[in-house]
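There are structures below to look over.
First chain A sits with chain B, and in the next complex the same chain sits with chain C.
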Partner chain A sequence: MGQIMNQSENTDISLDFLAESLNLGLGHVIDELSEISESRIELHVPEINLIPKTEALGFTKELRAESKAIFVKQQFAGDIEGEALLFFSEDESLKLLNGLLPDSDATLTNFADVEEEMLLDITNVAVTGVIYALSSILELSIATELPKCEYGRFDEIEGQSNLFDDAEEMILFITISFTLVSKDAKAVLLFFQHKNSFSKLHKSILQKLKLQ
Partner chain B sequence: MNNKDFYLQVLGLMDVGLVLINKNYEVQLWNGWMEKLSGFEADEVIGHSIFDVFPEVSGSRIDKSINKALKHNCPSILSSKLTRINFPLFISSFRSNEKKRIEQSILIKPMDLSDNSRCAVISISDISSSKLREKALREQTTILNKVINQLKEKDRHFNAIFENNQQGILIFDGDGSVINSNPAAEVMLGYNNRRLKSLKIPALIDELPQYLFKKGNEDKLQSKLPLCNTSIEMAMLPESGKKFPVELNANVIPFDNAQNKYFVFFHDITEKKQTEIILYKMARNDSLTGLPNRSSFIEELDKTIQHYKRRNNILSLFFLDLDRFKYVNDRFGHDVGNHLLIEVAKRLKQCVRSTDTVARLSGDEFAILLHEQEKIEQAGMIAKNIILSISKPFLLDGAKIDIAASIGISCFPMDGEDAAVLLRNADLAMYQSKKEGEGRYTFYTEEINHLLQQRLKMETELNIALRDGEFVIHYQPQYDICSGKIWGAEALLRWQHPQKGLIFPNEFIPIAEECGVINTILDWVLENALVDAKTLLNNFGAEFKISINLSPRQFADTGLPQKIEKILKKENISPESLILDITEGHLLAEKDHIFALLNNLRSMGVHIAIDDFGSGYSSLSTLRKLPIDHLKIDKEFLTTDADPTKQKNLLSSIINLAHSLELTVIAEGVENKDQYDLLIQQHCDITQGFYTNQAVAIKEFCNLSASNNQSS
Partner chain C sequence: MKRVVIADDSVSARLLLKQMILECLPDIPILEFKSGEAVTKNLAEIKDCWFLLDMNMAPLNGLDTIKLLLDEDIPPHHIAMVTANKSKELKNKLKTLDILCINKAIEPHESEQCVAKLDDFFKLSK
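Take a look at the complex of A and B:
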């Protein structure tokens, strides 16, 4: 079977496998977020694409128009390496965090240290959950760093980072979205992975599927 | 000190809690910070399960996170907000000994050891003080946000007001530079916002010149601006260069003195000003002729007098009244009358200098103010010119109209030192002109004033006379020349003045006409003469005639026939016994109306006589058409200084003419036997006068009946 499939088909199968695996493996992430928010959370089937970095970052156009942006980065290393990046406008982040807070708590109205800590907490829950799911399914050893947060105007953050370096590089772009049912709040997590690292991931998937 | 002791000592100094837990959840490291805040010494907890030390965290997110670190190699960051439970760690309050549980930020990281085992490192930070600071900051932020929102709201309100205000708004700084303008100002001034911002206020507002905007002139500028809710009129200079008036108010936006800013609100009052001008003109000018009216004329006269008092100048004031204007109005209608007044105004203006003032006071009364005259005689010359000009025919609407002007002149300062006195004296002088005949002018004199005083006195006395019954009627007998018997009597009004004695009508009737009591007097005469007529008829028989003079004022009374009829019925007198005398001149003036009135009276049976026949200009054809029964020959025909032959022939002709028209001829004013004989000779019918009898009171008249009867 492996000999007769081309590389593109292999890649598609890898991505489908990855998506299905994440869907199944993210249960404990949802549990933890539900516990935190005291609200039922619905997970949407993750979308996984291999696309150029510029395309993946296309959505950031909207953030440029916003007054303030929040940029969370969490690195992981081991058998595969990469980083998860999350971008929020200030309003989006506050909406998400207010969704997670019990109704009895006061509504958050601006982004400060408390909000940063909360955002790092839930980002960490989600990212470590995804990484753990991958590492469990593919039997990989992956260590995750704690997330870091940048807050400010998007252009300033972009200028201080290498976000748009190697713009044409193909990256793994995973979109995981969930809805806090009772709070009517949504969140989208985006994962980026360097192509080299993706090759390793791809190889591991094919091995798992006994396609290689 | 070995390495382990060294690191333990360092960890003991750290201001965070550090706990190391092995795969069995047993505490391996417990630093000094933890000892201090947990109340447990390291010796007490090391080797014991963390859940034994802090049972309350068992099953919590802390528990799960330790598990994730140990089992899944996943770190955790537990935010205090999203973690419902934390470690039971306490600090003492500064103000009391009470222990207070700290707010915590907890990090849990997996750590692989060299023996391939894994442990979890828990670091705990006290964020209580951060929380307090953050709380304070959040409160401040909330307040700040509120303030910002309020300011934004105000800004929106201000912008809405600024942008949509119908009034123009200009904001400028102390040196006059325009900082901003609203759309209304831009429309009114014809500049766009950018252009306005490049201009300075002196280029836009006439009344605010450049020097006001120099440094140090702030007080002068503010004194020129209408501050404190006041407003003033100023002139705006728009881009078109065509200035327009605005009503403007201003205010200061205070900074320090050097940086004060100002704003002005203004609106275009061009229409308002035009309306004001129209209203002012309407209030001050006569709408018909366009000349100043009475009030504005008096105002100007007052001003001129005040001015002349300082310069010792003289001026003349004309009071002009048109003669025969009422006739024009009645004869040709009010439209022609109005047209005539307009033309008169034009002629008057042509007769004086452009600096002199011509005004219409009311009706057909005009006034002229001649400024700065060197000699009084000049006024006389101008008056002559005016009289000449007005006496020239006016051709209006196809009609040729002849009128005249009577002028009275008063001069400042000789004839009065204020407007009211000068105007009154000119009026008196005009009245004197009228008395002397139309088309004359008269300078005011003290004598005129004296006459006026007398007139005023008489006016008062006339009213008293009416009230106290001082009027009496005397009757002059009229004799039938053929029979020598009393034929009738003419009722003649007399005023039995308590001091002056008997006063004849020619002395008081004109004044009674002017002061408005004439109608009352005439009615009184009519009523009382007819009451007396009853007595006279009783004494002299049913053929007796009583003559009563009708005044022109009574012609205007359309109810006169009914009034007479009512009295005749009341006194039970036959209408044929009454003769109403109408002066020939009056008959001609208002022919149609009088003909109708006379026909009406005549149809009742009342007789009509033409009085003073020969003094007017009745044509024979007119005489033929008149509804009359008697002709009273004017006494002028009997004067002896005329050529006797001519007098005789003329008298003969008149009597013959009257007889041919079947009119009874009555000769009045017969004073001597020659006249009486002449009348007999010429076959005159009736005679009256001093020669036969003077007018006497009713009682004396009745005494004549005896002699009358004797004569018969």
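Take a look at the complex of A and C:
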């Protein structure tokens, strides 16, 4: 049943497989978020690339212009390892959080402990959903750690984080976005994975697809 | 000989679905399309096929493609949606149209359920 494909085609099909797995995982997550928010949620097709870390961080330019940013980080480890980030400006996060609250609840105007807890929950649900799908489909053992939230000026967060270490390294960069239709709020979830860990993942995917 | 049309924008999803179809019907010819629009553009040549359509694809998602197929008098029991979307909203819409919904598999036991559902679909719609 094996098919002969070149390296580039194999990489493309691995990235396509990842996008499909993430869709499956987030299908479950979005159901949960739909119920909480009482809002229809649209999932946008994930964007997946193998690019230098510096390029992946290009998205931060917009956040630098913002006064404050919220940054939730969650690591995963096991047969594959990497880190996931939920990243938004203060305005966008408040819009999302207001969108996730039932209509009867008071509108949020400030980022506080309760909102931080909610963002941690959102990240945990989303990352766990994605990791569950990947580990189940590929029969890999992957565990997620608890997410951590940081809030402040973007430059301060950047200075404290090891996210920006080894900036020239090639990474697997995944962007997933979903929209709460009636609340007009959008969240973006980013996955970073080191290239050597991607090699293991790539091998598992080709075996699953019977291409190796 | 009857053929199966599969439409999904993901090449790996099509590969996995083909593997499952061939478990049910080892010799069946399978035609692959990347979008609903590609299916409808080729409809004249594939009207007598079974149709297995994903929901999230563009241009023309699975649900809109199904409506066009029904308008062209394709019997509903020759069409199924194979999707990751488990929302009640979509399930209700498909039920109204009398279209079978098969959920894409995550767990290994779900793959077996998926193959069993496909097998029933092919047997019942012969």
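We adopt the following convention: the second predicted complex is superposed on the first by the 207 of 212 C-alpha atoms of A that agree within 3 Å, B and C clash if a C-alpha of one lies under 4 Å from a C-alpha of the other, contacts with A are read in each partner's own complex, and residues count from 1 in each chain.
Criterion: contacts are C-beta pairs under 8 Å (C-beta built on N, C-alpha and C of every residue); 3 or more make two chains touch, one makes a residue touch a chain.
None of the values given here were measured: they were computed from a predicted structure.
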Check: chain A superposed: clash or fit between chain B and chain C?
Finding: fit
Margin query: After the superposition on A, what does A:E32 contact: first (chain B), second (chain C), both or neither?
Written below: first
Next item on the list: Return first, second, both or neither, reflecting whether A:L85 touches chain B, chain C, both chains, or no partner chain.
Entry: neither
Margin query: Going by the contact rule set out at the top, does A:P147 touch chain B (first), chain C (second), both, or neither?
Written below: first
Next item on the list: May I ask you to decide whether A:I13 touches chain B, chain C, both, or neither, giving the answer as first, second, both or neither?
Entry: second
Next item on the list: Applying the touch criterion given at the start, work out whether A:L206 contacts chain B, chain C, both or neither, answering first, second, both or neither.
Entry: neither
Next item on the list: Considering only touches as defined above, state whether A:L120 meets chain B (first), chain C (second), both or neither.
Entry: first
Notebook entry, point to check: With the two structures laid over each other on chain A, which partner does A:V130 touch: chain B (first), chain C (second), both, or neither?
Noted result: neither
Item checked: Shortest CA-CA distance in Å separating chain B from chain C in the superposed model -> 10
Next item on the list: Go through chain A and flag every residue that touches chain B in one model and chain C in the other.
Entry: 132
Notebook entry, point to check: How about chain B: which of its residues touch chain A in the complex?
Noted result: 61, 64, 68, 72-83, 105, 107, 109-110, 130-131, 134, 137-138, 141-142, 145
Note to self: Quick check: in the complex, which residue numbers of chain A touch chain C?
What the structure shows: 1, 12-13, 16-17, 19-20, 23-25, 27-28, 30-31, 34, 40, 43, 45, 132-133, 136-137, 139, 205, 209-210
Check: Any idea which chain C residues touch chain A in the complex?
Finding: 9-13, 15-16, 19, 56, 84-87, 89, 104-108
Notebook entry, point to check: Which of the residues in chain A come into contact with chain B in the complex?
Noted result: 32, 35-36, 100-101, 105, 109-110, 112-114, 117-118, 120-122, 124-125, 128, 131-132, 135, 141-147
